[in-house]
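Next up is a structure, given as structure tokens.
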Amino acid sequence: MNPVEERVTRSFRSQGLMATLGAELALVASGEVRIAVPFSTHLSQQHGYVHAGAITSVVDSACGYAALTVAPPDCDVVTAEFKINFLRPAIGDRFLAIGKVENAGKLLTVCSGEVRAFAGSSYKVIAIMQATIVNVRA
Amino acid sequence: MNPVEERVTRSFRSQGLMATLGAELALVASGEVRIAVPFSTHLSQQHGYVHAGAITSVVDSACGYAALTVAPPDCDVVTAEFKINFLRPAIGDRFLAIGKVENAGKLLTVCSGEVRAFAGSSYKVIAIMQATIVNVRA
Amino acid sequence: MNPVEERVTRSFRSQGLMATLGAELALVASGEVRIAVPFSTHLSQQHGYVHAGAITSVVDSACGYAALTVAPPDCDVVTAEFKINFLRPAIGDRFLAIGKVENAGKLLTVCSGEVRAFAGSSYKVIAIMQATIVNVRA
Amino acid sequence: MNPVEERVTRSFRSQGLMATLGAELALVASGEVRIAVPFSTHLSQQHGYVHAGAITSVVDSACGYAALTVAPPDCDVVTAEFKINFLRPAIGDRFLAIGKVENAGKLLTVCSGEVRAFAGSSYKVIAIMQATIVNVRA
């Protein structure tokens, strides 16, 4: 692992919520991070699909870590805000959240996020996010 | 319990994610729902505070259920989208998410959300949300 | 006028767009700014009501100036992002946009905005905004 | 012009605000609409750049008309809400707003928007939008 992968991986593993959700890092590249989460009833909403909050949690993390891959080495990142649209119910056997850096300023990084719901090897995009992340001195 | 409280309570209890997060209904009134969640390390982010995703999940549910309290009896509700700003780190021993209806149209309900972090009996607002919820025929 | 009112007023008057829209400052107080705009056909959308973009422009300015009233004296402000919900059509003879500071951090100020459409002396809220404004060294 | 182009063009020309801003339709295709606006001092903010509100107005219109290109023939569209991030100051001699349909449901259409600032033939993306548009019976 290169230093950025190491940094993201170490931080990810220290997030209690990601373990609680059963989420795993699927890709760490410069400006892009992917997080996978399998379907589980303990993530459900009232109809048995995955709760929007669980979907949001993993794509928020994917965006935050994407921002971290381009942050100055002496900075940590904090999510200032995000907006998410849910395009269809979160039905699938696994989900992949993709966070990508759209613009990295000195202070603020803007990311876009996407969540894919897989049934076997085909997928549908179920949510899209636009997020603002702040660099803070660690 | 009146029919609306019953409806919200029954739906809330069928959400696997709310149980996983340790969240509980604190208030169900017409146009306002409150959900409480105690601090737990299994909700943490990398610094040990509560993860933005967990905070978001409970206030999303509070807004959705607030919308449900004013929805036509034959309609269920689905979150179309929301936006959330995080004002300060989620540090506290318990958290209270408040969802309120700002405007209820025939089709769309707009809610505002707020999350309070408590240290003993005093609190700080740590996040504010603006959400759009759709009425769908059940 | 106190120094903050002066600063906001001077900046407002240098905005070509506010003059183009026919907008005027209605209040400058610490943490709150109000901007009024009368109905005009040159602001219309296809049905003859005021265009969402015109409504958004004035409430964006109201939020930005509200943030400026609490910014350090050596800082200017820039809107990083906002989200706006349109609750009903912009029908009225005049409109009042209100921007309020919800939280002022060292770097980021979070504001809420509201737009009221007046028919005579009664009004309806037609839009609500949540905005993030950055302090930048002038 | 095909019927969709005709419909969008007719609606666009009836928007007083688009004429006020000096905006023009640059492309109408199924699922994508582009609107161009030249720099003008009557659109400026306090530093002489184009005001965020003017930028927002044209990309909001581009998203709304993109949604209209895929709406049922008996439906009009209304913007329910949007969120926009400003990536850098609106400096340029002309601006191009692009609205694209990300997902078209029966009731709600989700669009993404982008605004490019041109200096000669090269451009920078200065803003990105995520918008929710509602189909309403005309």
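Going by the order they are written in, the chains are A, B, C and D; count residues from 1 in each one.
One rule holds for everything that comes next: a residue touches a chain if its C-beta (ideal position, glycine included) is under 8 Å from a C-beta of that chain, and two chains touch if they have at least 3 such contacts.
These numbers were taken from a predicted model, which means no experiment stands behind them.
Q: Which chain has its C-alpha centroid at the greatest distance from the C-alpha centroid of chain B?
A: Of all the other chains, the one whose centre lies farthest from chain B is D.
Q: Decide which interface, C-D or A-D, involves more C-beta pairs in contact, and give its chain pair.
A: Higher contact count goes to C-D.
Q: Counting in whole Å, what is the centre-to-centre distance of chain A and chain C, each centre being its mean C-alpha position?
A: 33
Q: With chain centres taken as the means of their Cα atoms, state the distance from chain C to chain D in Å.
A: Each chain's C-alpha centroid was found; their separation is 21 Å.
Q: Using mean CA coordinates as chain centres, what's the gap between chain A and chain D in Å?
A: From the centre of chain A to the centre of chain D is 28 Å.
Q: Return the residues of chain D touching two or more other chains; collapse runs of consecutive numbers into ranges.
A: Residues 80-81, 83, 85, 110, 130, 132 of chain D touch two or more partner chains.
Q: Across the complex, what residues on chain A touch chain C?
A: Contacts found on chain A: 80-81, 83, 107-108, 110, 130, 132, 134.
Q: Where on chain B is chain C touching in the complex?
A: Going by the criterion above, the answer is residues 83, 85, 87-88, 102-103, 105, 110, 112, 125, 128, 130, 132.
Q: With touch defined as at the start, can you tell me which chain A residues reach chain B in the complex?
A: Residue positions touching the partner: 11-12, 14-20, 40-46, 50-54, 56-58, 60-61, 78-86, 89.
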